[in-house]
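Have a look at the structure below, then the notes.
Chain IDs A, B, C, D, E and F follow the sequence of writing; residue 1 opens each chain.
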Amino acid sequence: MSSWLPTLTTATPEEGYDLAVKLARVAIKLTQPDAEARDRMRPEYAEDADALIAVSQVVATHFATVAAANGYWRDTP
Amino acid sequence: MSSWLPTLTTATPEEGYDLAVKLARVAIKLTQPDAEARDRMRPEYAEDADALIAVSQVVATHFATVAAANGYWRDTP
Amino acid sequence: MSSWLPTLTTATPEEGYDLAVKLARVAIKLTQPDAEARDRMRPEYAEDADALIAVSQVVATHFATVAAANGYWRDTP
Amino acid sequence: MSSWLPTLTTATPEEGYDLAVKLARVAIKLTQPDAEARDRMRPEYAEDADALIAVSQVVATHFATVAAANGYWRDTP
Amino acid sequence: MSSWLPTLTTATPEEGYDLAVKLARVAIKLTQPDAEARDRMRPEYAEDADALIAVSQVVATHFATVAAANGYWRDTP
Amino acid sequence: MSSWLPTLTTATPEEGYDLAVKLARVAIKLTQPDAEARDRMRPEYAEDADALIAVSQVVATHFATVAAANGYWRDTP
């Protein structure tokens, strides 16, 4: 019964950023569950600046959530 | 008198994410109530990286709300 | 002297969602006050996945506001 | 020494929404100060569903700010 | 050692809005540091409603931050 | 074991803005890890007003997070 998202807590900001990237990708998998279809699209959008910037926007939105969840890691040394 | 959205509270972050996906989809249903019309569009946007990223952006916005509603599940073991 | 927006308080999350949809639509009416012009556009964007996703994004942004205004309906039974 | 934005406080949610619409428009005026140029564009984007939805998104973002500034008008009778 | 952004505090909401406009522009300068290249683009996007609305969206996002930083100027007379 | 993101804390608002720019760029690197592919795209989007505005939007979203993390630098002299 493992979960892909057991918690929003991460040890560091960098791990929080990685989690934000993961959160951005899962919605795409849930909307297009066919891995081959996603693989077909990848070379296309990975060469498309507009798509890359749009991905970065989704990551930014999730990072805001993860950062708030972690109290902005203010106590991290 | 059942509601499709009785509460924003979920037991886990993963369930909160699923709720965010649902919240993103309902607005589309309310704007295009014709299920057949939605089905016609699906194969198209499911193969379109830009559309998938845009869906992911909507999910991210709703996930921020659901996460805040749940106090970021900080007490989840 | 009735108002289309007397309050952001709603009894349930579902009513809050409906209010978010309304908030999204009013801005469109204020920018394009001609009802016939809006009706001409409707069949077009209702068949356009990108437009439907964009509407869903606006609803998500308003839902965040309405949810915060209602304390996320945490006291709803 | 009058200001176009003396305060974010409004008496009602509806007035707050109107202020959000105003806040969305001023950025466009500051970027395109030529009123004639703006008038030339108006018929075009007022018939364009994508542009109307995008305007609605900007209004939604400003409305979130104005609503927070007013404590969501929770004390409004 | 002057800074282009010494503080997010402004005396009034209107000054806060101007700061939001500035915050939106600086990211463009940092990504396209060539002033001539920016000047070449300006007439183009200043006549493009979609671009003007997108600029307004960025300003809205920054204004939310500046407004929060200033406690929404609630104490302004 | 150095991290590219050890903390969200910065001494000044300007450094916070620079961090927001960095946060926007890293998501692009993680999605398109090939530096040459990114270099090929750069001249293209650096001349494209829409892309520059979209980058500015991502920066704005990250800046909101960084600013909140730093208490809006209210104690900065």
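Please note the rule applied: a contact is a pair of C-beta atoms (placed from the backbone, for glycine too) under 8 Å apart; a residue touches a chain by one contact, two chains touch by 3 or more.
Quick caveat: nothing in here was measured; it's all calculated off a predicted structure.
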Smallest count of steps, each to a touching chain, taking chain C to chain E: 2
Centroid comparison with chain D (C-alpha atoms), farthest chain: A
Cα superposition angle of chain A on its copy chain F, in degrees to the nearest 5: 60
Mean-CA-position distance for chain E and chain A (Å): 27
Chain centre separation (chain C, chain D; CA means) in Å: 16
Distance between the centres, which are taken as Cα means, of chain F and chain C, whole angstrom: 31
Per-residue multi-chain contacts in chain E, two or more chains: 48, 50, 54-55, 57, 61, 64, 68
Chain contact topology (line, ring, star, complete or other): ring
Ring topology as an ordered chain list, initiated at chain B and continued via chain C: B, C, D, E, F, A
Chain A residues touching chain B - in the complex, by the definition given at the top: 3-9, 23-28, 30-32, 34, 37, 40-41, 44-45, 48, 50-51, 54-55, 57-58, 61-62, 64-65, 68-69
Interfacial residue positions of chain E with respect to chain D in the complex: 12-14, 17, 21, 46-50, 52-57, 59-61, 63-64, 67-68, 72-74, 76
